[in-house]
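Quick heads-up: structures coming right below.
Paired with chain B in one complex and with chain C in the other, chain A is shared by the two complexes that follow.
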Partner chain A sequence: MKKVLSILLVLVMAASLAACVTGKNGNSGNTVDNNSADNGGTANAPANTSEGGNTLTVWCWDPAFNIYAMQEAEKVYQKTNPDFKLNIIETPWEDVQTKITTAASSGDLSTLPDIFLMQDNAFQKNYINFPEVFTDLTDSGIDYDSFAQAKAAYSVIDGKNYGVPFDNGTGIDCLRTDILKQAGYTIDDFKDITWDRYIEIGKDVLAKTKMPLLSSQAGSPDLIMEMLQSCGQSLFKEDGSPNIVENQALTEAINVYTTMVKEGILVEVNDWDQYVGTFTNGTVAGTINGCWILASIQTAADQSGKWALTNVPSLKDISNATNYTNNGGSSWGISTNCKNVDLAVDFLSKTFAGSVEFYETILPSSGALATYLPAGKSEVYAQPSEFFGGQKVYADITEFAGKVPSNITGVYYYEARDAVGTAMTNVVSGADLESELKNAEDTVKFQMGQ
Partner chain B sequence: MKSKKKSMGLSKRRNLIGWIFLLPAVLLICGMSFYPMIRALVLSFRTGVGANMKFTGFYNYIRMLQDKVFIQALFNNFFYLIIQVPIMLLLALVLASMLNDKDVKFKGLFRTAIFLPCATSLVSYAIIFRALFALDGFINTMLIKIGILDVPINWLGNAQTAKTVIILALIWRWTGYNMVFYLAGLQNIEYSIYEAAEIDGASPFHQFGRITIPLLKPMILLTAIMSTNGTLQLFDESVNLTNGGPANATITMSHYIYKMSFEYSPNFGYSTAMSFVVLILVAVLAFIQMKTGDKR
Partner chain C sequence: MRKLKRFLNYFVLTAVSLLSVFPLYWMAVSATNKSVDVIAGRLIPGTYLLENWKGLLQAQNVGSALINSFRNSIMLTLAGLLICSIAGYGFEIYHDKGKDTVMSILLLAMMVPFVATLIPLFQMFSKIGLLNSTLGFILPTISTPFLIMLFRQSARSFPHDIIEAARIDGLSEFGIFLRIFIPTMRSTYAAAMTIVFMNAWNNYLWPKVIMLSNEKITMPMMVANLLTGYVIDYGMVMLGVLVCTVPTVVIFSLLQKSFAEGITGAVK
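Up next is the complex of A and B:
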């Protein structure tokens, strides 16, 4: 008896894991009973959408950035619609994703807000899995022509628009001008160059100043993905099948990366904080990333005036290679749980998709760069930045943003990204590139199979 | 009516009252735990995109055999289990019998200090270990200052050392927890047995091997099963300390299941199937441990 009981006890303990996965997600369709515990919390909270009225509920995550932008947008819209109110709920991106997955797979969308912010890279995945969550905005009157085309493409599926573009992740190459000077270079030596030239200069800078040019998070293929997009490529073909083994741009990108690690031009660190630390502490002479990295760079107040930025290097011998790329960014979506779609559309089209004044307000304090092209012509964007030695960084970035080639994100973006990250790590520690890419493609194909 | 009540008898009535008291808890467990488990089992036989799922029998379970990442994760879990659990339990035993000695001073202080790691949050301790073992972290700096190392070791960037760091972290976090179980068990062993052994000329080492371990066997069995269960479900360390890296060298099954459900294009059928494999593994291992360890 004792034994039976103890085995039962162990089973219960272990099963809590199994129950955890479904406890949150219920079964396939119509029943919602077994996640009532989950919903109970939010149902009473003001997470529900408003019935008619003049209030919209929003999920977004960064108080200094997108939440702030939403608050400013509310103020702008209140000028024409004084009764309008936003109910902004701070929800980290991981939670937005989990909550949408939970709501959609249980078939109960009533917990979703009116408007949610979504990572661009996750847009396709969520639409393909849960099309019932998204409201079609194609003919809603939002002027998509005024956005950078590559940016708007993230939330376009089958020629239809499901999102309003927000922040910009245009790739920039930020460099310490004081260190370049010691080695006899200027920022202009980095403009419109290839990666080969970048490595050449990198070696020289390393020899003369003992400073590597770059740092990156080990195992995270951000740089590789940026190089791919700079040629309009991604890890997927147009038909959605993985494009890894025969992808010349990818092979070249991993080669460039491996060379940089071996030459000591690029130092790999293990987590994000260390990565930010490498340039704020001055252990590396620059960084390449999406332009949102500006906020982190500018935390090092003692380096003010010592930075400059330019466009990113391009891959040599790859067709369509450019010096422009993108990393990250997010877009607003309107959920099908929204009872007042007209209001939500009108609000977004008069703020995020129609108000230069709005973008002028949010830029100086949050650094939220628009992909809304008319805003780039505003005077606020042409203000020189003291931190970047008087460079008009925002105008420059907006100019780059318009030239970024668009690519296919793919539904299985995160799977492919992880697989390529694994391949990259193995190649850097000496494995054979070709067989690693084969492995990566097999892994992605496996995970794509249902 | 009256006669019927009488025929129930005293013991039967007491039993009935007992069951009525148990009923609320039983219902709650059934509703909150067993019902989702059964739904999960059903779900593990289905597959599909998003909310449109079809019944496909054992497909998910067969599919797992071809999943390189899952097999790697399984291997990692067993690696942690085989290396970490014995070291931790032995260490806990040694510490417990040392701190059970009547003549040791500041016993309470030491016991508290060793138990304390167990009170820290899993996430925060994992992040602290990540910082300690960073390239320019405390451990590297110390080793270089002392003169053991010339160049810093990239602890978390190398498969073997990353696994070692996770094992070290686990030992730090859980040894005190198991020690408390052993200390409780040791209170039931008469001190006079040790005194008798001492008179007979048994060394402390002998006493430990011949008295402490055999008498603590039920406790050791309990802790072994709990540790096995915990190690196979390891999640926080893999996510926060190494993020599964480098190149999936430290990823655990639970971490992969989470990724499958919420990071990747969600595949709940497959995720629950993997969870059930973890369940079966734990059940089988617990059964083996009971068969070999419990000879009462």
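Up next is the complex of A and C:
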């Protein structure tokens, strides 16, 4: 009996493992079936989230930011189309991903909304895994030339556009001017500099004020990825193969990071809350991140007027190195379950991709910055920010956004990022850089099944 | 020497209890503090509870999430207890070799993780139109091998003589189950109820996949919604978590004694 039981147990485990594997491989092969299942399935699917008519369903997260922006876009569009309505379903990003994966893997797309928000770093991965989910917007009439090119590139696959850019993640270097002053520097000393110069100033500021310039979450390779993108590089080559061991920019970026930790210019903390705490509590003199970090910085009302921002440092001796980068951000996609693609396209092109007035409305109350370049020239964007000592931060950031080099994110972006994060942590603790990068590349290749 | 040993015992026990209670304490205290103070690690109660509460009500539909969570969890608990206890009772009281084999297969099903069945389940529920419904929430976990096993184990200690006596007195088989087994097994039911209710209340993945409108969200989904912004209000999040935790804590404390008895399989 025991033998029979153990054999059965092994069989069940093997079967569930096999089910997982075939499920994964079956996705791309199922494209046609999925579409036909979708067409046939929608007729008797009562929970269909795409409403048709003059109403569009939207999945997005963050009531203070994305949801608010969508509600304002609805108002703007209603001026020319009074019957238009949006049904916004609050869905955190992780859940958008889970729901899309579940719907696409089960071949039943009828539960998808008309419009969904997707993290830029996950856009290419999702398109490559589930192409049947995305509507091709290349010839839809949306003017992609009016967006920052690097931003629009996140949702371009094989030369075709599948998304409408929204949330801006342009890299900025925010600094406490009062602390810099104590050390004898101004914000201009940080403009258009290299990381070498940044470290040099950092040492001096640390010696004079005992304040590190930067903080970062231990194990999170955000800074490394930002440095890579500032050179138009990523962890992948054009053909999709990993570019880790022989990636000069990556080696240099990890060296810069390690030096900063060793010199005490960068203090590592354990989690995101502590990271935010370092600058809101005033234990560091600045931070480098995507421009959405402004919202967190400004929660420390007592530091109003003591901040300024500039572009990020560049990597020395690396070809195509710039002082502009990006971290995060998201774009809108239209699902193939959308019953009224024309309406969805028209809505997006007259709001997120065509209305300066819309961006002027959402900026002051939510800080939602555009990558829609015409908005950068508007008067609202040129308003000085009191918190940043009168600097025209929004106009500056939109200008930076137009100069960010684009890079390849690929299907295995998050896997490669994690592997490099591990390598970085080990190198900081004293491991050999070359062998760690080799391990990281092997890990990524293993996950890619190579 | 004995005193020292006792002191050491109490010392270790007190330290471990404090460690376990601390996160709960911090959660409760943080719910009364501003977000900035939570990040700064303030450990004493503040005066920001009302503001956090107002913020929470403004940001999320707490009432509807609470009602949904209660409705889903209570219905799943009632249905789950009835079905699993009938099954457990049947497996033990009408015992034969075939049923043993079926039970072994059921136990093997415990090895299959829920995520492995997520996609086929979703496909099925979408086809029969059960998405976005309480029934859709309940069905996948209405009967679990663990609970059937729990009831079977307890039924093992249930005296067969009583059943014989009841049969002679003319009580039907279902009557025996309903009027004798259920009242005798109160503590097992209490233990099972705690387990099912907590699992149902805390279930996140399945409702997230099948509940497609804002009106259907449950408490854990609401807490997840609070954590999505670029700026997270930790005071508000902690209050949300507190509201989400209270019902399970209350149920557990009320049934604590029976829970311990039920798990160890006592019949009085």
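To be clear about the criterion, the second predicted complex is superposed on the first by the 397 of 450 C-alpha atoms of A that agree within 3 Å, B and C clash if a C-alpha of one lies under 4 Å from a C-alpha of the other, contacts with A are read in each partner's own complex, and residues count from 1 in each chain.
Criterion: contacts are C-beta pairs under 8 Å (C-beta built on N, C-alpha and C of every residue); 3 or more make two chains touch, one makes a residue touch a chain.
This one's a predicted model, so the numbers in the text were calculated from it and none came from an experiment.
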Partner touching more residues of chain A, chain B vs chain C, is chain B
Should A:64 be classified as contacting the first partner (chain B), the second (chain C), both, or neither? second
After the superposition on A, what does A:147 contact: first (chain B), second (chain C), both or neither? neither
I'd like to know which partner A:92 touches here: chain B for first, chain C for second, both or neither. second
Touching partner for A:381 - first (chain B), second (chain C), both, neither: neither
Where does A:415 make contact in the superposed view: on chain B (first), on chain C (second), on both, or on neither? first
Classify the contacts of A:300 with the two partner chains as first (chain B alone), second (chain C alone), both, or neither. second
With the two structures laid over each other on chain A, which partner does A:447 touch: chain B (first), chain C (second), both, or neither? first
Pick one for A:105: touches chain B only (first), chain C only (second), both, or neither. both
Do chain B and chain C touch any of the same residues on chain A, and if so, which? 12-13, 16, 19-20, 23, 94, 98, 105, 107, 273-274
Tell me, which parts of chain B touch chain A in their complex? 29, 32-33, 35-37, 39-43, 46-53, 63, 66-69, 130-131, 134-136, 154, 156-157, 225, 229, 232-233, 242-243, 245-248, 254, 257, 259, 261-268, 271-272, 275-276, 278-279, 282-283, 286-287, 290, 294
Interface residues, chain C side, partner chain A - complex: 35-36, 39-40, 59, 104-105, 108-109, 111-113, 116, 118-120, 122-123, 126-127, 129, 131-132, 205, 208-209, 212-214, 217, 224-225, 227-231, 234
Inside the complex, what are the residues of chain A that reach chain B? 3, 6-7, 10-23, 25-29, 34, 37, 94, 97-98, 101, 104-105, 107, 125, 128-132, 218-219, 268-271, 273-274, 411-412, 414-415, 418, 421-423, 425-426, 429, 439, 442-443, 446-447, 449-450
Mind pulling up the chain A residues that touch chain C in the complex? 5, 8-9, 12-13, 16, 19-20, 23, 41, 44-47, 49, 61-65, 88-90, 92-95, 98-99, 102-103, 105-108, 110-111, 273-274, 276-277, 280-281, 292-293, 295-296, 299-300
